[in-house]
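Chain nomenclature is as follows: A, B and C, assigned in order of appearance, with residue numbering initiated at 1 for each chain independently.
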Amino acid sequence: MTQYVLKRLAGLVPTLFAIGVLVFLFVHLLPGDPARLAAGPDATPETVALVRKDLGLDRPIAQQFVRFADGALHWNFGRSLSTKRAVAEEIAERFMPTFWLTVWSMAWSVVFGMAIGIASAVWRNRWPDRLGMTLAVSGISFPAFALGMVLMQVFAVDLGWVPAVGNDSWRGYVLPSLTLGAAVAAIMARFTRSSFVDILGEDFVRTARAKGLDERRVVIKHAMRNALIPVVTMMGLQFGFLLGGSIVVEKVFNWPGLGRLLVDAVDMRDYPVIQALVLLFSLEFIVINLAVDVLYGLINPAIRYR
Amino acid sequence: MKPLVRLLAVALASLAVAAPALASKDVVFAVASTFTTTDPYDANDTLSQAMAKSFYEGLFGFDRNMKLIPVLAEGYTASPDGLVYTIKLRHGVKFQDGTDFNAEAVKVNFDRVTNPDNKLKRYGLYKIIAKTEAVDDFTVRVTLKEPFSAFINDLAHPSGVMISPAALAKWGSKDIAFHPVGTGPFKFVEWRQPDYLKVEKWDGYWKKGYPKVDSITWKPVVDNNSRAALMQTGEAQFTFPVPYELAQVLKAKPDLELVAAPSIVLRYLSMNTLQKPFDDVRVREAIAYAINKEALAKVAFSGYAVPADGVVPDAVEYSVKLGPWPYDVAKAKKLLTEAGYPNGFETELWSAYNYSTAQKVAQFLQQQLQQVGIRTRITMLEAGQRVQKVESWPDPKTAPVRLYYVGWSSSTGEADWALRPLLASESWPPVLFNTAYYRNDQVDADIKGALATTDKVEKAKLYRDAQERIWKDAPWAPLVTEELLSAHNRRLTGVYVMPDASFNFTDIDLR
Amino acid sequence: MGSSILRSATDDAASGERVRTPWSEFSRKFRRQKVAVAAGVFVVLLVVVAVAAPWIVPYNAETYFDYDALNAPPSLAHLFGVDSLGRDIFSRILMGARISLAAGFISVAAGAVIGTLLGLVAGYYEGWADRIVMRICDVLFAFPGILLAIGIVAILGGGMANVIAAVAIFSVPTFARLVRGNTLGLKHLTFVEAARSLGASDRTIVLRHILPGTISAVVVYFSLRIGTSIITAASLSFLGMGAQPPTPEWGAMLDAARSDMLVAPHEAIFPALAIFLTVLAFNLLGDGLRDALDPKIERV
């Protein structure tokens, strides 16, 4: 197992390199000249040429790649084409808002999702199950942007309970984290339920019951521990997804996070920012996927790693 | 239950909103996009330049109605050959770092932007300057490379500001963008890129008694609906632009005031005159006749637009009223038949933008053109696609653009910048934005001639001739001049949206 | 995210307690779930509407307009009201069913086929094939969807077809991982080992013995994923990267209605409802299929 993890970690380097090459080619394939975009709508050709030179886009593409790769190795991603600030700085500033939003969304959605899931599993096919699963399936059936719009209208504009945008106090986190977490809570609920249903039918749980332990102890002590493992795995995956920055929610709630940074960067063809962000997202994902794979092994020892 | 909820809501909201506002006069502006820079010479967007007016001022400026006014200058004289401009400066002005404002400071700023090595995005606007000399402390002499009668308008453009020479020397031409120091009413405090930019009152401002508020926080809120929500919750005191669809809603709020201001933004449909069938003037006229501009204003702009009555918006100097182009389906059909298209034809309709108003306009145009048998396929171009497929297409002969919905704001407030980039034959893409690939030698000569003369009467005559010819050749179907919708809290006064979509807030106050 | 990713397929193979054909077993269990059956009926109805839409719409969804009735609320003449460009919302919703279903179905089908093949290869051969496929999945997973969407639109040109392509690519890695996981579990089972020892070719083993064992998970995930894909397509439209106007794609309609939401709420409500009900139906159907295909359910 340790060997497997080490192997995978070593494999990370070529993967990241592949992603680096891919994203570099990709951004350069995108239509639209960043110099022209940065120079703006009423720029003359001389101005565009000046901007192009300023941004280093007049050099041959191979040279640009070497610059990018060399910089990336030294953890230096250059300067944003549109704001001219260091890309690392730009990303660092946006990382925390996304991170905290993710944490809060995960926190409430995991707690609620698991509670609903466990309740549904224990009272299977009775009303808590039906109610819980109705909620859950509704949660994944409604687009986040529509939910965000509705929540903002009702709770910020009509009722005035929380601010519509802003991340300077906990109140600003309420609506975006609700919006972002709704789908996660729904997934967690469904997942927890099915995982618990499986476990509650396993032999060792039946044995525990047969020993005369009361149902609550069975659920909490025996079933929980085992059912949790796949649930935690799922959590990891969801966490990774959210950490990439939920573009839609960040747009609706004007959240100063990574998702919006990416959208803006793509709009402006801000090559260095796109490249660095994709590398960051990739890194997050690979690490989380690795963790998930390792957990697979813990769950089902029949899977062998080589 | 409901009244209770309302009460609770009001109580909470007032706690949240009213408390800080009472302590000091802090104003929040909710604007539509993030700032690209604080350096107006390196900005290409109106918004960044408007924001920079918090701490910067220029030699000249525009008042609320786009009338040229002196700001840090007291006046100017131009030599008869139109080559030398002598500008008198205001006395007793200081930069926020204590440096004196004088002729040397002007020279430093002009020398900076006209030096191509500094690679500033507004280089094009000022490259006409050959040299700048300080005659004495308060007199500057600017010599141009060739006569350029719109020069003072260029100086009044929001990019033409005075930056402290000491700060420029300290931070350098690039980093000055993060440490702006000007002569304006507010001092720069902090710029948290995606989140906000804050400025606070500067006590040493030369105009005594100003500014009347303690701080302004510029908050970019990209989403239209969210921005409107912010006004309703009281999180912001001023917002621009207000989406047209929400005008009605905001208007109904007792504590908000909705303002519709005239603009110099002209919306038009350009037609590629090099390509069939748009090379035939009858087809172009037919298209102009086929569009009901009144209905367009109603459908897409909720009534906050007026049918365009010329090729240059009213508020721009030397504009001539020629229209609006009448709506006449029968005539359009007749013209199409004469041109050999009795059953219409199929073509591409591109929109230069993909936001919701533009989507409505594009679909409206499609509906209208279909009435005369012209079937269109809509593509809403995203910024990068627009640059690639339209603005930087290398070869005019193969340009894929056909019908193209776009708008133009003549940001210098003068006819030259409304005509030359869009309709002079030297401005075909990829040079500038003559997306109709229009060429009329007489129009070219008029535009050139007007730039060479400083005689206002002669200029007016030349520009009139150019506009009349363009109207007749119909390279565009002129659509509407839109109105600029802003909203502010009734306690806030003295903030205006100017016709170029920039802001005027010298008199800002909060009651 | 489907929940069946981690379900090992061992139990599917091991179930053989009663002698019934798999199909009758499945249909018996499926019919017992009334909600899923109702969802299934709804989906069938939707498909019928989508196919018949051009003949049953009261007005042309794209070309009809009436500027005198802008934003008019629902009435007998216009069941769902009129939108801000004077078009009949009911007709647009009906035509939109075609687009949303096609987007959901085609994209997931493409994603499922490619993903399943990759997953089988990766899981069966392991080693370098596995590593390459999983790296590709990592890259696809990691590559932000919006960027991919823009790239595809940029390279192929705008429009619905490219939205479908983009969404299909989103689906590939999930199917690949799902099938790979199942394959890893299946290939060490006795009957597969037995087939191998009898000298069956890799192809035979994979197609005859392993693929059937993964099918139920794929089918379940397929139906769940359609919902996700419809939402993804709608979200792309919301970000301005989806269907070009005046295509009556539900997400695009909802996005366009956003600005008019306060003045004319019906413009947002009906497309939102259409998305919600459709996705809900696919999710409920998927749940029903899972319960019917999963032999474990009976034991509890």
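Here is the rule we use: contacts are C-beta pairs under 8 Å (C-beta built on N, C-alpha and C of every residue); 3 or more make two chains touch, one makes a residue touch a chain.
Because the structure is a prediction, the values reported are computed rather than measured.
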Co-neighbours of chain A and chain B resolve to C
Check: interface with higher C-beta contact count, A-C vs B-C, is A-C
Here the gap between chain A and chain B, centre to centre from mean Cα coordinates and rounded to Å, is 38
Rounded to the nearest Å, the gap between Cα centres of chain A and chain C is 21
Distance between the CA centroids of chain B and chain C (whole Å) is 45
Residue numbers in chain A touching two or more further chains are 30-31, 149, 153, 251
Touching at least 2 other chains, the residues of chain C are 150, 154, 255, 258, 261-262
Flagged in chain B as touching 2+ other chains are 225, 382, 384-385
Chain A partner, complex, touching residues on chain B are 5, 9-10, 12-13, 16, 34, 36-37, 43-45, 116, 119-124, 127, 174, 177-178, 192-195, 220-223, 225-226, 229-230, 232-233, 235, 382-389, 391-392, 411, 417, 421, 430-433
Chain B partner, complex, touching residues on chain A are 30-33, 36-47, 50-51, 53-54, 82-85, 90, 93-94, 149, 152-153, 156-161, 163-167, 171, 251-254, 256-257, 260-261, 264, 267-269
The residues of chain C that touch chain B in their complex are 63, 65, 67, 70, 84-86, 150, 153-154, 158, 240-241, 244-246, 255-256, 258-263
Note: in the complex, chain B contacts chain C through residues 224-225, 243-246, 248-249, 295, 298-299, 354-356, 359-360, 362-364, 366-367, 370, 378-380, 382, 384-385
Chain A partner, complex, touching residues on chain C are 1, 3, 5-8, 10, 126-127, 131, 135, 138-139, 141-144, 146-147, 150-151, 154-155, 181, 184-185, 188, 227-228, 231, 234-235, 238-239, 251, 254-255, 258, 261-262, 268, 272, 275-276, 279-280, 283-284, 287, 296-297, 299-300
